[in-house]
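Several structures are given next for inspection.
In what comes next, chain A is part of two complexes: it sits with chain B in the first one and with chain C in the second one.
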Partner chain A sequence: MDAVYDWFRVLYDETGINLPFLYDSYDRNRMFQGFLTTIWLSLVCLFFSVIIGVIGAWLQGSSFKWTRRIVNGYIQIFRNTPPLVQLYFFYFAIGTILPRVENDWGGQSPILGSFAWAAISLSFFAGAFNVEIFRSGIEAVPKSTVEAAEALGFTRVQIYRDITLPLAFRVVLPALNNNLVNLVKTTTLAYAIAVPEMLYEANQIWSDNVNVTEMMIFMLLAYFFLVGILVSGMNRWERAMKIPGYG
Partner chain B sequence: MKFSMLKIAAASLALSGMAVTTASADVLDTIKERGKLIVGVKADYKPYGYLDSSGAVIGIEPDLAKDVADRLGVEVEFVPVVSSNRMQFLEQGKIDLMIATMTDKPDRRKVVNIVDPNYYSSGTNILSLKSLGLKEWDDLSGKPVCGIQGAFYNKATSENYGAEIVAFKGTAEAYAALQAGNCAAFVYDDSAIVAKAAEAEWSDYEMPLQTIDDAPWGLAVQLGEDGFKELMSEMITEWHASGRILELETKWGVANTPFAQAMHDKYK
Partner chain C sequence: MGAAYKTDLPVMMAPKAPEREPILPHLRAWHIVPLVALCLLASPLAFAAEHDIRQPSLSVLVTWAPLLMKGFIFNLVISVSAMAVGTFAGAILGLGQLSPSAPIRKVAWLITQFFRNAPWLVLLFFAMFLLPFQISFFGLSIPLPDWFKAIIGLSLPVMANVSEIVRGAVNSLPSGQWEAANSLAFSRRQTMWLIILPQCVKRMLPPWMNLYSILTMATVLASIVGVNEVMTLTGQALASEGGRPDLLAPFYGFVLLLFFIYCYPIARYTVRLEKKFAVIG
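Let's turn to the complex of A and B:
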């Protein structure tokens, strides 16, 4: 393995193509940690944004006027403001008014760190879109299907869980796919509040080595592959869930 | 098309010829003729060069520039510069002299005429809560430390002392995060930290460590202006000898820096 790393150092000396995240052990380590942080942040946000979407869409169909109003208010706020502004808002405005806790270096620090705020903020941001996406799917389920379920004595929760949602899921997958791809790309914004994800680490590396061009090309390829993996997974899932003759 | 290209080439030739002639004339004569010394200084680097409430440029470096103008017996005019344009302003002759917190580096000496000896110096230090009681750089090990994205000392601080760097885009965000308790310290230029720690709002904070990576600052004139350079070299030596730099630090609320003290001892 060391021979491969050394080869990239030789490449730099010979051609000027500088890839320190391959030959320098410190830069390699932080780039790898950044990669893991990006994946972890993406997975957390994907999971919670889908949960928020499913629950939100169910609450939108609630018979209580105020539940519907609150869900719609949430969608309007999170869908109509830029995610970067939301990150700053959560981290610098909400984060500083929450209670502080004793930390292990003898000071007082906010109860939530930058990663937690990025996960919360991006989940709510993507979740707002997911609610609308799931609503479109639920509305596509024929009313007669729901009425048939009611006639068979299903409760409201059962109808949503066993009848409406499985059918709606198949309708919304292409739109959901789009939104989740966007979410993974939006995780790069977290570098504004110093979450050490890939773009943040790349920025540190190109500041230290002045190899902006190489790092930009690398980042583009890295995200292309990362999102490519997500898209192929989603497409496979879409095919597996297909019901012949439906949708 | 070809014709216009030729015209451009001819024009640029003529222009470069003009540039050479202005550079070879002694700028000291030009200054005296014009009755005004034009100096490039910082306007956003308290207390070395910043704007007062009326919009006038004040600070340690403007005071030094005034000394130069007094010596030449002319008026002084300040042109605010930033790090990314200060050398270009001097090269283009927009300013006669640049005193703008510039670190003296070999590659910069190729572009502008940096005057020896160095007039000032700054290094890397941290701003942190007094109550944390940090004493050594190694005390930062394993603690989150705020920084500025792109600063060269981020890597050193984390590699050599084990700090976890939390880097933000600008100083405002880093100061906010430090105050909120997101980091144990903020690693930055010691000269800026000294001024920040002196503000009432930051009275609970201190600059507790030994400054590292100390690098000298150089003031500069245009390449080829050796007469002016000689004069400036004399002036800097005089500033150090008379304790003028130490006096200005005290005037602008900066604790006397080891560099200024050492230079004073050397030249007095």
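Let's turn to the complex of A and C:
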């Protein structure tokens, strides 16, 4: 492996193409940590946004008018405002109101860090889209299927969990995947509140090494492949989940 | 039987006139309530802690509002220009994806996928840092200001998305259209321009408007790279007020409100168009 690293150092000396995240162990470590943070942030947001979507879609089918209205209001607000401003609103406006806790070295630190706020804000943002996506899937489930389940004595929760959701899930999978891919791309916004994800670490490296061009091209390729792998994995999953003759 | 007879059969009901959906059916007073409540509730919470004789946060917001609105208009200018550039480039790229020649098709596909998979912020950085600050043209140097580079940076993902919209719309037309045109001895170019594309405009309009709304919300990203738009101005206004924590919620809430007021009607109208065209298509 060292030979490969050395090769990139030689490449820099010979051609001026500076890729410090390959030959310098400190920068390599930073970049790798950034990559892990991006993956981890994406996974956390994926998980919570799907949960928000499922619960929201269930609440939208509620018989209380005000429950439906609140869920609708949530969707419209989060869909029609910029995610970056939402992030700032959560991190700066709500984050400063919350109580502060004492940290290990006796200072005061906010109760939730930038990573937590990014996760919360992006989950709510993607969740708003997921609610709509799941709702459209639930509407696509034939009413007669639900009625049949009712006739068999399933309760409302059971019908939702065992009948509607598995069927709706297959209908919504393409739209859901699209949204999840978008979510992974949106994690770059966490850069703005100094979450040490990939773009942030790349920025650190190009500030230290003045190699903006190389880092920028590397970032584009990195995200291209990251998202490309995700898309092809999702497509494969879509095919695997398919029920013959349905949807 | 008789008067006591009750039914829920649709044929027994009085006929109802079909409801025509207005553009803003749900934009009632309560819709604004959560946003305003957030602004109002959050500020006194922070303000209650300190008892100075400073201006209340809302009147500070009123003082700054005209400047922020000007910044917001600049956002709209960026969004419209980026949409125009992106649509033009994307239409060409989309037609390239439908080209009969395989190399053109593959190259167009690759460019589309590349710019679609890259995050908007990364593309914006890309345009910001890699475009020169001025270009020399026959000894004439034309400066490239930040906002111009932001427009280019934002139009790249728009281009890729428009390309996909064009390809999707053309492919969604039944192949009978092509065959019918062929049998009437239209050339390929004539079929495309006279028969296929006019039908596609209707199908492309809702996703195109959706994209515009996404783009408008993405213009705030330009603040990260230092363009003087609404978010940058908000940050500067907050700094010049001395970084008071009770101002944060009203100011950011105000920016959210501006975008909501602009984007919500577009979203409603898009849904309406989708419904309208779904019946015909």
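Rule of thumb we're sticking to: the second predicted complex is superposed on the first by the 247 of 247 C-alpha atoms of A that agree within 3 Å, B and C clash if a C-alpha of one lies under 4 Å from a C-alpha of the other, contacts with A are read in each partner's own complex, and residues count from 1 in each chain.
Here is the rule we go by: contacts are C-beta pairs under 8 Å (C-beta built on N, C-alpha and C of every residue); 3 or more make two chains touch, one makes a residue touch a chain.
All values reported here derive from a predicted model rather than from experimental measurement.
When the two complexes are overlaid on their common chain A, residue A:Tyr26 makes contact with chain B while staying clear of chain C. Of the two partner chains placed by the overlay, neither chain B nor chain C lies in contact with A:Gln158. Of the two partner chains placed around the shared chain by superposition, chain B and chain C are both touched by A:Thr96.
By the document's definition of touching, of the two partners only chain B reaches A:Gln204; chain C does not. Looking at the shared chain after the overlay, A:Ala192 reaches both chain B and chain C. When the two complexes are overlaid on their common chain A, residue A:Arg79 makes contact with chain C while staying clear of chain B. When both complexes are overlaid on chain A, the residue A:Ser62 reaches neither chain B nor chain C. When chain B and chain C are set side by side, the one touching more residues of chain A is C.
Once the two complexes are laid over each other on the shared chain, residue contacts for A:Val212 go to chain C alone; chain B is not touched. In the superposed pair of complexes, A:Ser232 makes contact with neither chain B nor chain C. With the contact threshold set out at the top, residues 92, 96, 192 of chain A are in contact with chain B in one structure and with chain C in the other.
The touching residues of chain C, counted against chain A in their complex, run 26, 30-31, 34-35, 42, 45-46, 113-114, 117-123, 125-126, 129-130, 213, 217-221, 223-224, 231, 245, 248-249, 252-253, 255-256, 259-260, 263-264, 267.
Residues 26, 92, 95-96, 100, 103, 105-110, 113-114, 192-194, 200, 203-204, 207-208 of chain A are the ones that touch chain B when the two sit in their complex. Taken in their complex, chain A has these residues touching chain C: 69, 72-73, 76-77, 79-86, 88-89, 92-94, 96-97, 185-189, 191-192, 199, 212-213, 216, 219-220, 223-224, 227-228, 231.
Residues 129, 131-133, 142-143, 146, 149-152, 154-155, 159, 165-169, 173, 176-177, 180-182, 184 of chain B touch chain A in their complex.
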